[in-house]
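Each remark here refers to the structure printed beneath this line.
So that you can tell them apart, the chains are marked A, B and C in the order they are listed, and the count of residues begins at 1 in each.
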Amino acid sequence: MSMLEARNVSKHFGSLVAVREVSLTVAKGELRAIIGPNGAGKTTFFNLITGFFPPTAGEILFDGEPVARLTAAERVKRGMGRTFQITEVFPQLTVHENVRIAAEAAAGYGLRLWLGSAASKIVAGTVEEMIEVTGLTAKTERVVGELAHGDQRAAEIAMALALRPRLLLLDEPTAGMGEQETYEITGLIRRLHRDKSYTIILVEHDMRVVFHLADRISVLEQGALLADGTPAEIAADPAVQAAYLGKAA
Amino acid sequence: MGTLILFNLFNGLILGAFYVLAALGLSMILNLTNVINFAHGNFIALGGYLAFVLIPFVGFWPALVLAPLLTAVIGFVIEKTMIYRIYGRDPIYSLLLTFGLAFMIEDACRYIWGVNGLPLTTPASLSTPLSSEFFFVNAYRLFIVGIVFVAVAGLFAFLRFTRMGMRIRAGIFDLETVSALGINVKLLRSLNFAFGIFLAGLAGVLAGGQIGLNPNMGDTLLLPSFVAIIVGGMGSLVGTLLGGLLIGVAAAITSVFYAPASDVVIYVIMAIVLLVRPRGLLGEEGMQ
Amino acid sequence: MSALTRRTALPLPRELRWLRLAAVWVVLIAAPLWMPLVGGYTDLAARIVVFGLAAMSLNFLMGFTGQVSFGHAAYFGLGVYGAGFVLLYFTHSTPLALIAGILLGGVSGAIIGALISRQRGIYFALVTIAFQEVFYYIAYKWDSVTGGYDGLRGFQRAPIHFGLFTLDIQRNDILFYYFVLSVFAIVAGAMGLILRSPLGRTFLALRENERRARFLGVPADRYIWLSFTISAFCIAAAGALNALLNNFSDPSSLDVTISGELVVMAVLGGIHSFWGPLLGAAVFVVVQNYLSGITINWLFFVGLIFVVVVMFFPRGLLGVFRQRRAA
């Protein structure tokens, strides 16, 4: 059983075809990178998987279950966690508060007026764990809006992790980052994949990151799937090279 | 019964015409700048009062154009000095600002022109009914419909065919890109605001001729304008046009069958639209 | 409460938070003592507490869930009428009047909230205004029930009988003030507790970043409805108190002017602060009281206050203070 399967998924915006009958399958425990030139439809495809908007056609199966008609919030409840190209966090709250809200929401405590000591401990444990995994322990009481770009990204990842998702979707996690920050985020994603066995789908532009992390790579161009294979296969594919990999990795 | 329905249909058309005129101005300002101009009703009154001041000097027909123009100038100044500050901020601020302005303008009108109603003299040529059977169709009321038609057609033509109009339409869609293209967005917003106020002033002159002037006269048009925008669809001027006509006619028709409900029917329509199609009849998806 | 209300400024240390809470309550409890010294009177103090509660209830939705309502006077006014109905038509019982007011305003808020919970931003504000005007219109026109323009008159707040003793809030102004303060304590306390709970944090999340909240599994529309409903129940309580304070119920309590004034009070006091709206209410009520005494064009000046607040105090009085502390 695959973790995620897209079958002939399309998205039309009026007459504009942003995603054109894309089919791909991501296995459990896999780290899949989705690459392609600007405007290829990568983020739109991401949005389709995560429920930002419904597909015009096609089916999306999450762990065997069809989810195309579900809202984003419903898909999160099923086990999808997502980060955004432009970091989406709660800017005026601290790192701890951000992750805590995520943990409480995931545990279904969002409506509660009070948490018993057992529930509180579980939540606190999750929060502490995720902050530690993302290396933010020293900054846990800092207001997220004031943190450096890379740390905000890490906080967002911590929030997504606090959901204890079965599938983690990261949209350009290294966008706008310097060398050091890229290195750290890449290391984090690698740890999540290797040590914690998360299934991860990654949209990325930075080819070094892609080839360093991915088990398989899918290439999109103009909304359609151009190629799909291992990093070695993709690097050797002439069509991909023509469309995209002008510069060597 | 036939005449009664015709009578009310015509009334509905007039009412709808007023709603459309008031609502379009409000809609233009809302669509481009995300500002709810709470003071719109007061600009309507101001237009009527300025016509009152001008008519003895220039006569009715010039005043019909000059009074709204003058009101628009005042609106332009207010936009340039006060409203520009709150663009891009939380909606609270635009609401508070225009709300405060509403109080200030209303009290100023009260202070200058008094609390009691004032008549607005219209040309005698317009007050004669056209025929004895259709006595309710007097020339003034036809004239209202005509002027509104001209104004609305003019507005849409302006938006469709002039450069400024295209910029406004583009700005409604994506103001940031318009700005990045080097277009003077500040001026665009000011002019757009002034346009909206021009329409309000015009509504005031027409209404003044129909029901007389008083400081609160804009209030009866303000809320239905909101409803017209909600029903017709947020973000769509054509929607506002349809919404205004729809609620005007609906109110009039209802008064034939069950008079007390005619005031409430527009809110019932609004509630139904909110339930069934929250974005409004012609609203853009995701405008919420 | 302070942990949730910070802007990008330094948090108040724990000890100072307790000090602030204590200070607020000392000021409130001692009001009948110090009010006359500054030229005020107990009635004014009660009015401040009532409007403070109303502004805080509105701010539950505005400042802590991030949705602007410019039509909350509807539920305040329904609270006023609910209490009035009971006292005028049914029975001379203050608790019953309170409950009736709270229910009428709260349930109406729940219904309207359900209709509008899919809207956001300026459009949300627009529909709140529209519905509020509907209620105003009903109060005005349905004069057989609501008394029309004059409203419900001819009733008085009833003394409360506790079996062994009676609280004569009818004749004793000071006792009435403490009654109002008690209700305030309960309702404001409830709001404060909710805001510190996981539910409160979810509301905060919606304020901070609705998209992120949705992508954490939060069904935004439903929660916004819930916040709207809670704030409607609370503001209805303030309304019921207002009816008791005035001994009449009239359409002016449903006027959009009140909606605007409540927003100004919240903004003036600082919408990201729990107690801010109370401060804003105090300032506004006192200033308005003063202005209406010295000029007939006080409406003009009230409008001017709105404009000035927006242009110069967008972060509220407390906000100005906080900026300085952070710098």
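Quick note on the criterion: a residue touches a chain if its C-beta (ideal position, glycine included) is under 8 Å from a C-beta of that chain, and two chains touch if they have at least 3 such contacts.
Because the structure is a prediction, the values reported are computed rather than measured.
Engineer: Can you give me the shortest step count from chain A to chain B, moving only between touching chains?
Structural biologist: Minimum step count, chain A to chain B: 2.
Engineer: Mind naming the chain pair that shares the most C-beta pairs in contact?
Structural biologist: Looking across every pairing, the one with the most contacts is B-C.
Engineer: Could you name the chain whose CA centroid falls nearest to the centroid of all protein CA atoms?
Structural biologist: Smallest centre-to-centre distance to the global C-alpha mean: chain C.
Engineer: Report back the single chain whose CA centre is most distant from the CA centre of chain A.
Structural biologist: Greatest centre separation from chain A goes to chain B.
Engineer: Need the CA-centroid distance for the pair chain A / chain B, whole Å please.
Structural biologist: Here chain A and chain B have centroids separated by 48 Å.
Engineer: Roughly how far is chain A from chain C, going centre to centre by Cα mean, in whole Å?
Structural biologist: Once rounded, the distance between the two centres reads 42 Å.
Engineer: Please compute the C-alpha centroid of chain B, do the same for chain C, then give the distance between them in whole Å.
Structural biologist: One centre to the other, that is 33 Å.
Engineer: Would you pull the chain C residues touching chain B in the complex into a rising list?
Structural biologist: These residues of chain C touch chain B: 62, 68, 70, 115-116, 118-127, 129-131, 133-134, 137, 141, 260, 263-264, 267, 271, 297, 299-300, 302-307, 309-311, 314.
Engineer: Spell out the part of chain A that touches chain C in their complex, as residue ranges.
Structural biologist: Counting only chain A, the residues touching chain C are 50, 71-74, 76-77, 82, 84, 88-93, 97, 100-102, 104-106, 109-115, 143, 145-146, 159, 163.
Engineer: What residues on chain B touch chain C, complex-wise?
Structural biologist: 30, 34-36, 82, 85-86, 89-97, 99-104, 106-108, 110-111, 223, 226-227, 229-230, 234, 260, 263-264, 267, 270-271, 274-275, 278, 287-288
Engineer: Which residues, counting only chain C, touch chain A once they are in their complex?
Structural biologist: For chain C paired with chain A, touching residues are 3-4, 6-8, 193-194, 197-199, 201-202, 204-205, 208-209, 211-220, 223, 272.
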